[in-house]
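A short worksheet on the structure shown next.
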């Protein structure tokens, strides 16, 4: 029987919701009550984390094989559709809940400092709380629709927060883009739900997964379709090809938002979904392969773009896309634990990187603000040598960089290595995975390169901020550096969560998640690598990472950079990368504009206005009027003509009578 | 006052006098008014006096009709000149009522237009008398003479405003075409007489049945020509061309009278004729079908193109003739009942509409464009309301008697298997929304053109009463039509239906004196 | 014996009357043509009366009364229009139209 | 006592109120109207509890009206009409309150018409006699015609007459069909009666005529819904109507079309309505409506027009749900009907409030309003999200059920319809952005006042319902389920019957 | 061809010819006079058809009274003088010919139409009736008996016409 803390599991999402309501009310009526806002905003997160931690502790003692489902009320009971508003707590949800509330709490704290001067402070915290609520609903929901509530809800909050500074159109546009692109993904999610209900007769996770094996033949068309539609949802939410374009734009939001939503939590929802539905994906090898393939491709593709970005946050954004690709490679490979592991470590180091960049931007912004300069506070070409002004930030970000580059023994090394190892292992059974593995390795190389580039340009070399501005550059307050330090610590030791057996670890996360993934695991080919091969893989991974970093250090010359204002335009391949392969432009030309044109010119102005309304509706009215007019012209007033018509009538009537 | 009138022997003078009491009283009234007019005819008071005497005459005749109706007067035997049945009484009431409403509206109109011709009332009475004879006619000769009596009177009424060139033109057109049409009607009578040796409706029906004449050339030719004659009187397309011009040129109360009572009389006669004499002849149904379609469509379409309110009403009345023809084409008992009901509703709304037009048209009704009514609702809310109700009723909108009437016609048409005709009727009604609604639109939704745009619009107490009674009737019968429906049903059912064609032995030849 | 020819002659006369109405513009002449039509019908009545009884002849009597009445009113109307228009040519009498 | 009288009271009370309004002083008009409509709502509220979901038609009253023709005054509600009645009585007080400042001229007439309209709308939903239904169907046309024509915008005359004639056209053909139907039933049973129960019980198989009769009903209802391509009256009417008119037009009047399908057209002629070709055609039209309405809405410069076209899209879901004919889809359709009334009603109120402040509805005239009117912006955002079907708002519940249900019988159609969620985001979010986000660069917008308490009183009930239904729609679903079930059972073709269908 | 038939066709021919002249003469006076000729010829035909009393009436009322009225008005309006023809132009003539022709074609079948045998009286019964009751009596009896009502209506009709004519024609309103 679940104990007290588990019974209170509803508090985990409810607390942020309360926070949202309170902060929302404050935002509307008392926008300047910042102390109250901060207390509520951070407080509910801390409390939620506490409840979640307590629940997980209890859960760990029970460690049940089946998830605990808590039904609260009937949501949509219609005929054989029995849909309850229910939460589900299991090992997977526990991991996610902890990450969301934990990292969330840190980022909330950071935000207290980062957003302190913002007039929309209360609104910001309201949105942030709301986001956490939806995110928790997403991870705790016991059925697809409940999860979908969270799924769309986080999209909504992402929309609201990206467009937080809505009085600049570019921000509002970015938010809108995020929402609409996400909706395309949600279409996939919806259709998948329809298919699932149609075939299994339920939408509850427990029932669907229990029935899946009986209902779906392995590798059947239906289950493949379901997984592909689900994955379409994931590509939207987790910014994978082809729906990744919104994420870089999402950097228009406040930086803590980028850290929380667009790095640590929301964008990983897709990974969570695949892990959650591991049974279905295991039944659909083609679906899994698509997941892994798209993940690998996205990882590589995004990494190339990251090579040539100047905006510090955009580099991190593409890096996020790339790392998400890794995670999909992992879960697509069937290494759910590895994927989740990378999700967790990525949450730590990417949050750290984003918050670090936030710290940098905060400083830069402060400097520019002080001198009334209008230069871009996020362009790395305006930075350089910041380690002297922001030593803590620089140090912590270096830790994160090493982690993401995959340098042992930082957390990122273990998680990334596990994914690559799993892909390589599967490749022995299905050679296509060699390609994926190679792409993963190449990505690792590029990752090490561009992250080193970022660090070099930002923190090293001469400073390009400006002479006057330089004096205003300094570390932020403790509320901002504090969370950075915690995250740095987690980045350092996070690897312990799933220390591989190879190095004597217990693979804790792997075993923890086993009840969730067991069913899916059983349906996959069992492959084992010899220890030698594993060591070789580890060695090559480290070598690749080192090569990337070393190459960057050798090839790049921070000293040669000029400030963004003076920088010459990019040329050649550099321009192609800088312009992000022109994907946005291609989408614009192929989809957005044609649809707009079609809707405006064809549907509205032609079909609606001209044909339906003009020709048919008003046309028939005009025709009636015209006929009437002709008729009234015939009424000439001359009796002679009337008589003629009269006699014609006589002839017709008489003819008709005699006929 | 319960008297047994259930078996009047019309060959006996006493019974004949009873059966003809309304007509006789009406004649008497006409003669009295003539005397009154001959005595005094110079001042407005004389005019009014004549009017009141006329009203009294109409009232007495209506009482007599009521008396007959109340005591369920019926003739014994079949071959009479005059029918004694509910259909006649109800139709008579309608004519008398319409005449009374017209008189009431005329009081003010004649004075305003300075028409010091009290003979107006005499002619009105004669016309009404002609109508009652038409509705009661059981014989083609009575029908023809009644029709001529009515027509001659109305020709004159149309042109009674001798200062007005349009009125003279209207009278001329009406007269010339009317006489022309009478020729056809008469020829039709002759041929029907030739085919059946009789002019009595019932006997024609009997002859058709016993002799199997339903495909007889002479009879069909005669029937066709009769339809032409009636088609003219009811302004069915393509015999309608006179109507807009005549309605337009005539004094407005007369127009209202023509559009309602004259048409109603022709329809009543047509109904009785087709039912009693030609019920077994299929040929007319198709003709009436086409006439109905053409009339509805053309009337509505041309009305759509009108800017003058009066001409619009004229064309609209053509369209309504088309609706009534649908009831005729349905030809069932339900059809006749629908027809009676519709006539009542139609009369109420048309009289009221023309009364309002007459009030509006101080500078000549012909010049009142629909847009001239702009802003009437602000200045004269009740008049605007009344006119709006009339328009909605003409449109056949639920809640008004016009709707119940149209509904009844549709019921009859559908029951007679004329679904297509019913569909055409409703589509034509949709077109009619295109010209009725602008009237409402002008009154309620457009601003008043000038401060005093509607200052001169006066109906006077009598005119107000007419409009009020009409509108109240329209609304009342629109919600609670039960009693009127019952009357319509019983009166419609009282028209004898021609016997079906049988193969029994032909009757023996009759003697030369034509009994 | 004469019925058939009489009916034919009557029809022909009637047609001539209609023809006249169609052909002429003078209101009075048109009215005369209408009288011709009525007379044609009278011939039909009389011819039929010979076979069907005296009623047909009575109708002729009534028709004559009608013709007289119409003539009285009609000619008065013609006078009235002449007073306004100075003509009885229908081509010029088209105030009301549309 | 309550059960017998309530529907009649609901019909009669607004008329009483209207008369009272007409004799009262002009300045009392709006308050009286509000009081009257609140009383109306109060009368209707107990229905929620007294209603017995399983009992079918209830609260019935049947009084002979025109016995000659078999016409009765016959009223009653079941799980399908119950919510339409409640929605009507719920929206009317809000409409009155929302018109307090919008309507400045001829207030007495306006509110009286609004109340008469209420009567008509309730009448349509409670009529159990075809004659009564038809009369009510037409009667509410007039008040709406006046509301658009007198208190409407620039082009109001055109919009009013278009609205009128369009509806009139459809309904008159339906009238003929009703008569023919009653006649055919009378021929079979010998009883000439317009009673709904009598007709539905004895309708049997009608043969080839059924096709035409269904066609007439279809036209009437399809125009009202409106389905593509009969929809062009809607944008004009919506745009020109005053706020209350738009709210009731979208909230209630459109539902009459779908209600008509549920109550009359489909149950009367299941063999035609569910004939594969007809069914496919109508579902295709529904899909066209969903996508076409959405895409055309996307490019509208006028906010009201945008909402109008979005209605076409939403009602497409309803049609899809009805024709998919599963329990989920039909209930989903009913939910969409309710939700559309609430969400679109709220949107119209919001746009109306903008219009009151700025006298324009062009989207481009605004921008950055969230800065000056945050409360307005918050509510507009929430309502827009409910309109595009964000989960946990009412919009999702209906659309999801429709999709889940229709996927079972028409997977391809349901999938296509699902793209509607993308289109919905594509038309409403950009508009939202251009109104409340973006730079606040128009000087006229800088002094706008946020929502007044009165306006909040209008909106908050709607917002509450939006959240309530989104989170806990069960009370609604439970009440409509037996009726929806009955509807499906009554029309589901017997096995093998589809082959021998008319035409 | 029996003698009566010859006489019949003679007068019929006269009637048709003068009718044609009536409708085609340019002068209204001429038209009226030709109409009088037609009416006389018809009177003759009436005699042939056993309707002597009607023939007399025809001459007295029609050719006498009514046509005099016509002539009187024509003269009053001074239409007798030569002037532009009121006959329609070629298009009008063509239309008239066409319509008239079709009408005649439709009525053509009447030449063979006879009342069906059962309702026909035996030949000569009309003449016999007149011999029994006298020329006037044969008509008068049903006129004041069966057809009393129509007869009375004619009186009203004439009264109405008189009133109407007076109203229209009197000099002052």
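A, B, C, D and E are the chain letters, set down in written order, and residue numbers restart from 1 in every chain.
Note that in this section a residue touches a chain if its C-beta (ideal position, glycine included) is under 8 Å from a C-beta of that chain, and two chains touch if they have at least 3 such contacts.
No experiment lies behind these values; they were computed from the predicted model shown.
The chains touching chain D as well as chain E are A, B. Under the contact definition, chain A and chain C share the contacting chains B, E. With centres computed as the average of Cα coordinates, no chain lies farther from chain E than A.
Geometrically, the chain at the heart of the complex, using CA-atom means, is D. Just to note, of A-B and C-E, the chains joined by more C-beta pairs in contact are C-E. Distances between chain centres, each the mean of the C-alpha atoms, put A farthest from chain B.
Centroid to centroid, with C-alpha atoms defining each point, chain B and chain E lie 31 Å apart.
If you average the Cα atoms of chain C and of chain D, the two centres end up 64 Å apart. Averaged Cα coordinates give chain B a centre that lies 25 Å from the centre of chain C. The distance from the centre of chain B to the centre of chain D, with each centre set as the mean of the Cα atoms, comes to 44 Å. Multi-chain contact residues of chain A, defined as those touching 2 or more other chains: 621, 632, 635, 637, 639-640, 643-644, 647-648, 650, 654-655, 658. Shared interface positions of chain E, defined as residues touching 2 or more other chains, are 88, 92, 95, 99, 103, 106-107, 109-110, 113, 115, 119-121, 126, 129, 138, 142, 146-147, 150, 154, 157, 160-161, 164-165, 168.
Residues of chain C in contact with two or more other chains: 7, 14, 17-18, 21-22, 25, 30-31, 48, 52-55, 58, 62, 66, 69-70, 73, 76-78, 80, 90, 93, 95-98. Counting only pairs that meet the touch rule, the chains in contact are A-B, A-C, A-D, A-E, B-C, B-D, B-E, C-E. Of all the residues in chain A, the ones that touch chain E in their complex are 640, 644, 647-648, 650-651, 654-655, 658. By the touch rule above, chain C contacts chain B in their complex via residues 7, 14, 17-18, 21, 27, 30-31, 34, 37-38, 40-41, 44-45, 48, 52-56, 58-59, 62-63, 66, 69-70, 73-74, 76-78, 80-81, 83-85, 90, 93, 95-98. Contact residues of chain B toward chain E in the complex are 20, 27, 30, 34, 81-82, 114-117, 119-120, 122-123, 126, 129, 133, 139, 141-142, 145-146, 148-149, 152-153, 155-156, 159-160, 162-163, 171, 191, 194-197, 207, 211, 213, 216-218, 221, 506-515.
Interface of chain B with chain C (complex): residues 141, 144-145, 148, 152, 155-156, 159, 162, 165-166, 168-173, 175-176, 179-180, 182-184, 186-187, 189-191, 193-194, 197-199, 244-246, 248-249, 306, 311, 510-514. For chain A in complex with chain C, the touching residues are 632-633, 635-640, 643-644, 647.
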